[in-house]
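Order of writing sets the labels: A, B and C. Residues in every chain begin at 1.
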Amino acid sequence: MHRYTKWSLFREVLVVCAAIILLLPFWILISTALKTTDQVVTTSAFSFPPAPTLDNFIQLLSPAGSQSGNVYQGLFSSLVITTGTVLLLIALSSAAAYVFARSTRKLSDRIFRIFLIAIVLPTQLGILPLYIGARSLGLVGSPWGMIVIYTAMTMPFSVFLYSGFFRRLPRDYEEAATLDGASRFQIFTRVIFPLMGPATGTVAILSGLLVWNDFFTAVIFLNGSPYMTLPVVVYNFVGSLVSQWNLSFAVVLIAMAPVLAFYAFAQKKLMQGYAGGIKS
Amino acid sequence: MSFVSNSPRGWLAVGATAVAATIVLSGCGSSSQTASPENEPQTIKFAFSQINPTDTFFQDAAANFEKANPGTKIELVKLPTETAPQTITTQLQGGSAADVLSIFSGQGQTGSMTGFAKANLLLELNDPEFSTTLPKSIEKLFKYNDKVYAVPVANMPAGLIFNQAKAQEIGVKLDATSSFDDLLKQCTVARDKGVTLTALAGTVPGNPGILTMALASSTVYGPNPEWNADRIAGKTTFAGDKGWQQAVGGVKQMFDAGCFQEGAAGAGFDALNSGMGQGKALGFFAPGAATTAIANATKGAVNPVILPMPAPGASQTYLGTTSELALAGNAKTKSPNLVKKFLKSLTTKEGAEGLAKGLGAIPVNLGDYQLPSGYAPIADFYKQDTVRPLGYNEWPSGKVYDSLGKGITAMITGQKSPDDVLKDMDAAWGN
Amino acid sequence: MTITNGTLKPPETNADEPIAAKRTGTAGVGFGRWWWALPAVALTLVVTYLTTAVGAFYAFTDWTGLGDFNFVGFDNFIHVFRDQALLGSVRNTLLLAAGFVVFTNLLGLSFALALNRTLKCRYFLRALIFMPVVLSSVAVSFIWKFIFAYDGPLNQFLNSMGLGSLKQDWLANPALALWCILAVMVWRSIGFVMVIYLAGLATVPVELEEAAALDGAGIWQTFRNITLPTIQPSVTIATVLTLIQGLTVFDEVLTLTGGGPGDATQTLATQVYSQTFIYGGFGLGAAAALVLTVFILILALIQQFVARDRAVRED
């Protein structure tokens, strides 16, 4: 049935063609970022520059450049906020999901529903009160505030994910560990949590990417602060470059680089993460 | 208590603690700051934005102040231009704003003074120097409840920033005495030579906005300087006013005559600067500082002048001017005296002229100030006092001016009639 | 596990675990402490529920974000459905969401079917097609802004093909701008939907397909009678997720058109942003957000009922 036939070859060619069209924007992105300002105007957008130049990147990244500070700062804030969120999220959501998964009581089910409904609630309605609340606590424009807010925003989905994994874990592990005299905390941290590698990976990937790429919350809470994340930096930067597309695209590429590098190494895990997050 | 025990008390405790946490977290933290005037910090932060990246007039002003007042320090925070008003609004509300801020006078835009003053976010400038240096004509833009809350940066005419040299080269004839019909004709002349008479940035509401305001200076505010007061009193509406119909209709006529470049509706600010720099456009509508900005950006290759905007059906051309750029102090500053001292230094003749010169504008108290060279075509308007402040700085909210700018873009993309645009403005005004 | 016929529901206790296990379980085995769940519950209650409730409260006031406010009843909602620009944004939101669901699912499923088995470079192609999903929407939207620009690649391409008459100011044409935004949204999410369907297709038994082929069923018949029923849960999940994503679209609109030309491409999410954070009309912004929230909750409810109904019928 699944032999490679002429029909398969035809499909293969068709899909490759479709993929090329889908990826054309990336070709334009890269070739434009390697052009000089004159070449952007004079050459076709589809053509690769005859003499590619790294000047745009050098101008953006060299410490002497007027904007390099922003780019590095954006990278740094994105890194701090994303890492902080993922760590806090994993600690809190795995503990909570574990408790729910092992509870047999009705009330626990009801409380669990809080997370389920929260998954579909859009952020738009709550964003302003959240902003006012965060403001009165001095959390606006601070990386710590962002970590707390992002953790809360990604919490429902990751509790949901974790509890699915925990429920499928037989209770024998706890029983054996109890016999060995381990405390509840030890059981969880030493025995159960390490078994949750795939779940933790999925939660880390999904929430990490969500936070790294988030624009809506970041532009409201961080714009103008010294802790702007990369998407906000890129947004402001491209706005101020007023259509110097070669420079703009160099910024875009710099901002994409960390995720692309990660993706190149872990694309299979990443896709599994998305698929598994939805249908594990 | 074990989690799996049958007692419901555990869950009650969860609920109770959650509620408690809620109350604690949502409770408003308030802290009062009282700084003693004698030994307040001698370092203040100054947050500002400048449209032209090469401008240094605020930096120079700060440096001059530091030199004149040893021991003081002004830290500069430069904000991205397009988002600066929102950023400053957010920071003022959040209590994280700098000590001195660049804002807009009046109340017609995001980041305008009145809204901030109403919410007690700005430092009252109660020294007599602040009110005595404020010209009567623009006084109300810098006062709220009869108290001064901001100082003007400069005054600028708003009109057509025009590359006269290039125009003459290709045979386009336009000057301060041209009528509106002349302008429409010259649009065709320019178009035949492959250039655009005026570039328009349709995606930035402020650009079609200022074009229409320049027209309205002659059709609305020239004949009736008190039009805004009439509108507030409900005696007139945008849609029902002949002058406004002429102004918005005039933009439509310009569009139909091919005055704007192709793709104007989708163009950003860059279409203005680069269009003029590359010679694709002869001009664009902007405040007068743009003459200096363009000259600097092209390193002197293009030296534009500013022309008044003739208006359709108006007997007399009036020149629109704006004093919207303003500086204010943060009410929460720990150094109120130093902030006032710095702002005061900018209201002196020297300080104001320094700012005006760097910006390519003129001080609000003109005196014997030498007009910038690009202002030559409009010098007579100042002498004859046929100048009018652009009306939108007094409008009740940024929404009205925004709906004008967006409405114009909607109009030239065929979504709205001039009448619709004016009706939207009335709706945005409220009542 | 938790997704039965595409319904999100709390996982029930493992069926093969007898009730007796519970009793022995309570005897002395430690299963964590109840308060371990406290931070997560409190954070969700405060950051998601409390703020949403307070937001809903503001929707009935005329608060400007500064100073006092008055209750205005349903005025803000009347305004949302009377104001041309706001009503237009409701229409745009629904249109974008519907188009997004249809196109991402059709294309995502096509790619999933094509890349499911056999093809030699399927893993490589999957990885490439999925790539836009992991990138920042703001960053990729800028690429498209350039592509759609008046002197940009798309018009250059049309010119070179001798189709200069089709040359457009794409993002400034009120009839086309919304479709351009939709195209970018779809482009960004094809890979995401494809992955959901690939996971579903992996559960389709090969033997069944082969049996069908032996019986002389055509490709379409096999798909219709064997594949589609099996991947039904994936269809539901993909539809719900794309629907919610489509209803809340913000980044692409803000970066591509900023809601323009005029207000031609405003969506509820961009209106919430501009009414609240730019114009300071917090009450009106909250009302628009509440409308959006109600849309989503209604759709979620409908989806739950449909899925439950199907589950009942299948039993």
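Worth a mention:
Everything below uses one rule, namely that a residue touches a chain if its C-beta (ideal position, glycine included) is under 8 Å from a C-beta of that chain, and two chains touch if they have at least 3 such contacts.
Being a predicted model, the structure only gives us computed values, none of them experimental.
Among the other chains, B has the CA centre that is most remote from the centre of chain C. Counting C-beta pairs in contact, the chain pair with the largest number is A-C. Separating the centre of chain B from that of chain C, both taken as means of CA atoms, is a distance of 38 Å. Centroids of chain A and chain B (each the mean of its C-alpha atoms) stand 38 Å apart.
Once the centre of each chain is set as its mean CA position, chain A and chain C turn out to be 16 Å apart. Multi-chain contact residues, meaning those touching two or more other chains, occur in chain B at positions 3-4, 11, 14, 25-26, 86, 90, 93. Counting partner chains per residue, chain C shows two or more touched chains at residues 22, 25, 30-34, 37, 41, 45-46, 50, 149, 277. Shared interface positions of chain A, i.e. residues touching 2 or more other chains, are given as 99, 102-104, 111, 133, 220, 243.
For chain B in complex with chain A, the touching residues are 3-4, 6, 8, 11, 14, 25-30, 53, 79-84, 86-88, 90-91, 93-96, 268-270, 273-274.
Within the complex formed with chain B, the chain A residues making contact are 99, 102-105, 107-108, 111, 133, 135-138, 140-141, 220, 223-225, 236-237, 239-240, 242-243. Touching chain A in their complex are the following residues of chain C: 1-3, 8-11, 13-14, 17, 21-22, 25, 28-34, 36-37, 39-41, 43-52, 54-56, 58-59, 111, 114-115, 117-121, 123, 125-140, 142-144, 146-147, 149, 152-153, 156-157, 160, 187, 190, 192, 195-196, 198-200, 206, 209-210, 213, 233-234, 237, 241, 244, 247-248, 250-251, 254-255, 268-269, 272-273, 276-277, 282, 285-286, 289-290, 292-293, 296-297, 300. For chain B in complex with chain C, the residues that touch the partner chain are 1-5, 10-11, 13-14, 17-18, 21-22, 25-26, 86, 89-90, 93, 110, 115, 118-119, 121, 202-203, 262-267, 397-399, 402, 406-407, 409-411, 413-416, 424, 427.
On the side of chain C, the complex with chain B involves touching residues 22, 25-26, 30-35, 37-38, 41-42, 45-46, 50, 64-67, 83-85, 149-151, 169-174, 257-258, 260-264, 277-281.
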